[in-house]
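As C-alpha cells, here come the structures.
Next come two complexes, and both contain subunit A; in the first it sits with subunit B, in the second with subunit C.
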Partner chain A sequence: MKSRSDRLVIFIIYFGFFAAIEFLVTKDIVSSAILPKPSEILKLFWLDRSVLTTAFLQTAFSSVVAFILAAFLAFALGILIHLSDLLKKTAMPVALFLQTVPIIAIAPLLVIYFGFGWVTTLIAGIIVCFFPVLISTTTGLANTKSTEDELLQFLKASRLQKLIFLQIPNALPNILAGLKTSAGLAVIGVVSGEFLVGSGLGALIESSRLQQRVDFVFASLILLALLGLILMKSTEIIFTWLFKKYLIRK
Partner chain B sequence: MELKNLNFSFSVSPGAAKKIFKNLSLQIFPGQITTLLGPSGSGKSTLLRIFGGLQKVSEEGSSLVKSVSTESFVFQEATLLGWRTGYTNIMLPIKLAHQAVDGKYFEKIAQILKIKDILDSYPHQMSGGQKMRVSIARALITKPQVIFMDEPFSALDEPTRLDLQDELLQIQADLKMTIVFVTHSFYEAVYLADRIIILSNSQPATVIYDQVQNKDFRSRFESNYQNKVKEISEIFAKGLSREK
Partner chain C sequence: MHKTITCMISTMLISFSSFAATKLALNWKAESEFGGFYEALPFYKKQNLDIEIQEGGSGSPTSQMLMNESVDYAIVSAEEVVLSADRDAKRRLVAVFSVFETSPYMIMAHEGFESNKLSDLFQDSKQTISLQKGLPYVEYLLKKFAPIQAKIVPYTGGIGLFQSNQMMAQQGFITSEALLADQLNLKVKTWLVADEGFNPYITVLAVREDFLKKNRASVQKMVEATRQGWLAYLKNPKATNTLMNQKNPAMTMKMLELSLVKMQALMKFEPLALGQMKSERWQQLNKQMRELKLIKKDLKAEEFFQNF
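Up next is the complex of A and B:
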C-alpha cells in the first residue's frame, strides 16, 4: 500500500511533468504538431467525447470478447495438451508460431480470410492473448508436489479426479498470472486488427495519422492504456473473488 | 502382509544401480504397531512404500503378499491440499471413493485427535501439529486395516510429538488396526511399538533386530522404558559399527 506522502510525491511528479509539457508547447519550444498540450487533450476529451466514446466502446467490446474466448479456448487446450503427449507435440509448434510471428504481420492474412469485419479484429485479439493462458495452464497443471501426486495415487484417484481435485486447483495461481498478461495483450491484438479493418480506436489512430491530428492520436493512446489497465485489474479482481481460497497458499 | 525375497535396486546413473535389498523377507502381523528403525539411507522408507504399494516390486523372485482391503498412508509432510479446509481435506478419500461418511466414527477420531476447532480452517491457518492431526484423521476416515506412517512426527516440536504419540496409541487401542511406523527416534520406536525392526546401513540392507517387545511400562518416566530405549540404541550402534 502506498502511503499518503508517497501518493503526494507521485502526484507532484506527474503534475510537474505535464506542466512542463504545457509550458514547452505554449512557448513554442516544442511544436504542437509533435506534442499536443495536455490541456488541449483534455479539451478534446470533452468536445469530441462522442467520437472517442464510440471508438473506445468498440475496442473495449472486441477486447473483452477476444480475451474471454481466448481464455476459455487456451484453458481447454491446456488441459488436453496436459493429458495427451501427442497433442502437445502437434499443437505447441502452432501455438509457438502464433506467439513469435508479430500480429501485425498475420493481420493481412486474417483480412484475406475473414474480410473487413469484426471477426478479423476478434481473431487478431484471440491470437495475441491465447498463448500466455495456454502456457500458464500447462505449466500450472504439471506443477504439483510429488507428495500430493503420491497421495492421490495412494487414494487410487482416476485421471479425471486427479485433474479436478489436485491439478486444476493447483494451477489456478499460474492461470491468473497468464490471464493478467493476456488481458493487456488483448487490446494490442484487437487494435492491430482495427488498423486494417477500420473500426474502434485503431481506426481512429490511423485516420488521425493521415490528418496529422496528433492530439487525437494521444487521446486514443491514453484510452488504450486505460482500457488495458481496466481489463487487467478487473480480471484480477473477478478471478480473486471467484477463486480466493485457491490463491492463498503456504 | 508379507514380503518374500525382496530384491530392490535404485538406478543411480545410466547402467549403474544401487542394490537396496537382496532376498529380504519380512512379515507384518495384524493388530500390532511395528516400528521400522534404521540409519538414513538404509531403505526403511522404501520398504514402507513397497508395503504400501507406492513403490512397485518388479525384480525377479520378489513378491508382496497382501490380504488387506483398506489401507492408508501418512507422509512425512502433512500433504494437505491448501485450498481445502480441515474437514474437506479429511473427507478427500471418502469423496474420491464415493463413500458415505460415518458420522459417529468421524466424531470419535475428531475427539481423539482434538481437531474439532480447526475443521473449518485452511492449512495455512494451522500449526504444524494441527496439520499432522488432520493428516492422520484423513488416513483414519476410511477405517483402514493398515496405516503406513513415514516419519510423520519428525518435523514437529517435542510437546506436540509426545501428544501425537499418545493419541496414536489411543487410536490403535480403540480401533485395533495394524500400523507400520518408520522413525529415526529410539524413544518414539520403543514408546509406540509392539514390535521393533532395525535395518542395517549396509548395502544391501539387512534386518539386524526384529523383536516383539513386552511393553512393561506405562509412561515415559518409568525405568523399564528408559532401559529399553538404551538397549535398542546399543543394538543400533553395534549394528552400525559391525557393518562398518
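Up next is the complex of A and C:
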C-alpha cells in the first residue's frame, strides 16, 4: 500500500515538473528554441519515428555488442590478473589510464587508427565500459572467506578447482554490480564514438544542435537514457536468472 | 586578517563589476577573425561601453546564449540569424556588423587531385570528404552535387586526418585550415563555397531584436566602435596579435599575420562601409535555407539585419 502511495507521489512530482515546463514555454516565459515543450517532443516521437528509430537501433546495437565484448574481455583479464601478479602489475596501469583519460579526448585518435566506421564506435564503447567489470572481477575474486579457503586447501583442491568452485561463484555479486555500471557506460562510450563517426543518436544530436533543433536533441537524450536503463535492467535480470543460486547464497 | 578581508572584498567587487559589464561572446578562441573586436576595446570605453569579450570553444552555442539573454552581443553566422528567426520569432537575432563580406567557408583537397572543379571532387569515388553534416553550407554542397560518388565522413576538426591521407578532402576556413596546411608544407587546392553560390555573412556581430529596440543608441555606438577597431586592426595588427597570441598560443604571430592577409581579400565591402550588409544577400540566404528545408518560415531580408 505504501509503495502505491509512493508511486503516486513520484508520478505527481514528475507530472508537475513536465506541466511546469509546458506552461513556461507555452506562455513564452522560456524560449522554445532553448527548451522544447514536452508535448512537442512527444509529437516528434511520432512524426519523426523513422529517423529516431533508425538512430536508436544503431546506437543500441553498438552498445550491446560493446558491452558484451567488454564484459567478456574484462572478466577474462580479471581472472588472469588474479592468477598472475606480473600481469596485474603490467595490465592495471593501462586499464587505469583508459579509465581516467576522458573518452572524448581519445575518440579522435580512434578515428585516425580505425577510420570512420563501426569499429571506432565499438572500441570507444569497450574502452569506457571495460574497467568496472575488471575491477569488480578482481575485487570479487580476492574476497574469499578464509574458512571456505581452508576447507578447499584441506580437500587438496587445485588452483583451477578453487577458482571455479569457490572464487568465481563468490565474485558473482561483485561482477553483477560491475556489469550494471558498465551497461550504462557502454551507451556513453558508443555515443562519444558516434559524434565523430557520424552514426546513431550521437550524429543525430550533433546535426540537430547545428540546426538549432533542440526538440530533436531532447528526444535523442530521452532515447539514450532509455537505452541505458534497458541495458542495465536486462543485464540484472539475465545475470540473476543465470546465477540465481550463487547470488542467493551470498 | 584585515588584509585577507580586504582582498576578499576586492575580489568580490571585481567579480560584481565583471557581472555588470556587457558581454560579447565569441564563437571561437582569440584569432584574426576577432582581431578588430579586441582592438576595439579602448574605442568601446571611449563610447562609455563596458564590454567584456568572452572567448568561446568548439560548438559554443552563441546564438542560443543571445536568445537566452545570457549575453547581449555575440558572434554568430548569418545562417544562425536566419535559424533563430525561424525557431523563435520573438527572440530572433539581428545582425549589426559583419566581419566577412565574402564567406571564408572552403573545401580543401590535396594538390594531387587532378581536376580544378569542385563538382569533380564530389563525383570521385576514390576521394573521402570530411564534412560536418547539419551545417547549412555542407547541406547546400551535398544537395548541389547529388548524387555524390565520394565517400562522405564526419569532420573531426583540425587537419590531422587530411594530413595523413592523400585521398582525403575536408571542409574548413580559407583563413584557418588552408593556412595550417600551408604551414605544414602540404600542397593543397581550395574552393570557396561562396563561388559555388552559397555566400552568407560570417563572423557577424548580432543582438536580440528586443535589445536593439530598447538600446538602439548603445548598439549604434557599439557598431561604430567596432568599425573603428577593425580599421585600426587592419592598419596595424601587431599589438592585438600579441594579445591574442597570449590568449591563444596555438595561433602563432606568423599564423595571425598570414590569416589577416587572407581575410583582407574577403573584407571588401565597398561601396558600403566596413561591416555593412546587403539586403539581397540575406534574401538569397533565406531562399536557400528554405530550399534546403532548414527553415519553414519565409521572412523579409530586412528583419535579419540592421546597418549602422
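Criterion: the second predicted complex is superposed on the first by the 246 of 250 C-alpha atoms of A that agree within 3 Å, B and C clash if a C-alpha of one lies under 4 Å from a C-alpha of the other, contacts with A are read in each partner's own complex, and residues count from 1 in each chain.
Here is the rule we use: a contact is a pair of C-beta atoms (placed from the backbone, for glycine too) under 8 Å apart; a residue touches a chain by one contact, two chains touch by 3 or more.
Everything numeric here is computed off the predicted structure, so don't read it as measured data.
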Field: Partner chain(s) touched by A:T100 [first = subunit B, second = subunit C, both, neither]
entry: neither
Query: Is A:S5 in contact with subunit B, with subunit C, with both, or with neither (first, second, both, neither)?
result: neither
Message: Contact-wise, after the overlay, does A:P169 reach subunit B, subunit C, both or neither (first, second, both, neither)?
response: first
Task: Would you check which partner chain A:S146 touches, where first means subunit B only, second means subunit C only, and both and neither mean what they say?
output: neither
Query: So, does A:F116 touch the first partner subunit B, the second partner subunit C, both, or neither?
result: second
Message: In the overlaid three-chain picture, which partner chain does A:A33 touch, first (subunit B) or second (subunit C), both, or neither?
response: second
- request: Name the residues of subunit A shared by its contacts with subunit B and its contacts with subunit C.
  value: none
Field: For the subunit C and subunit A complex, residues of the former touching the latter
entry: 59, 61, 63-64, 67-68, 80, 83-84, 87-88, 90-91, 128, 132-136, 153-154, 156-157, 160-161, 164, 294
Query: Mind pulling up the subunit A residues that touch subunit B in the complex?
result: 145, 147-148, 150-157, 161, 165-166, 169, 245-246, 248-250
Task: Note which residues of subunit A are touching subunit C in the complex, please.
output: 28, 31-34, 108, 111-112, 116, 195-198, 203, 206-212
- line: Within their complex, subunit B touches subunit A through residues 52-54, 72-73, 75, 77, 79, 81-83, 92-93, 95-97, 122-124
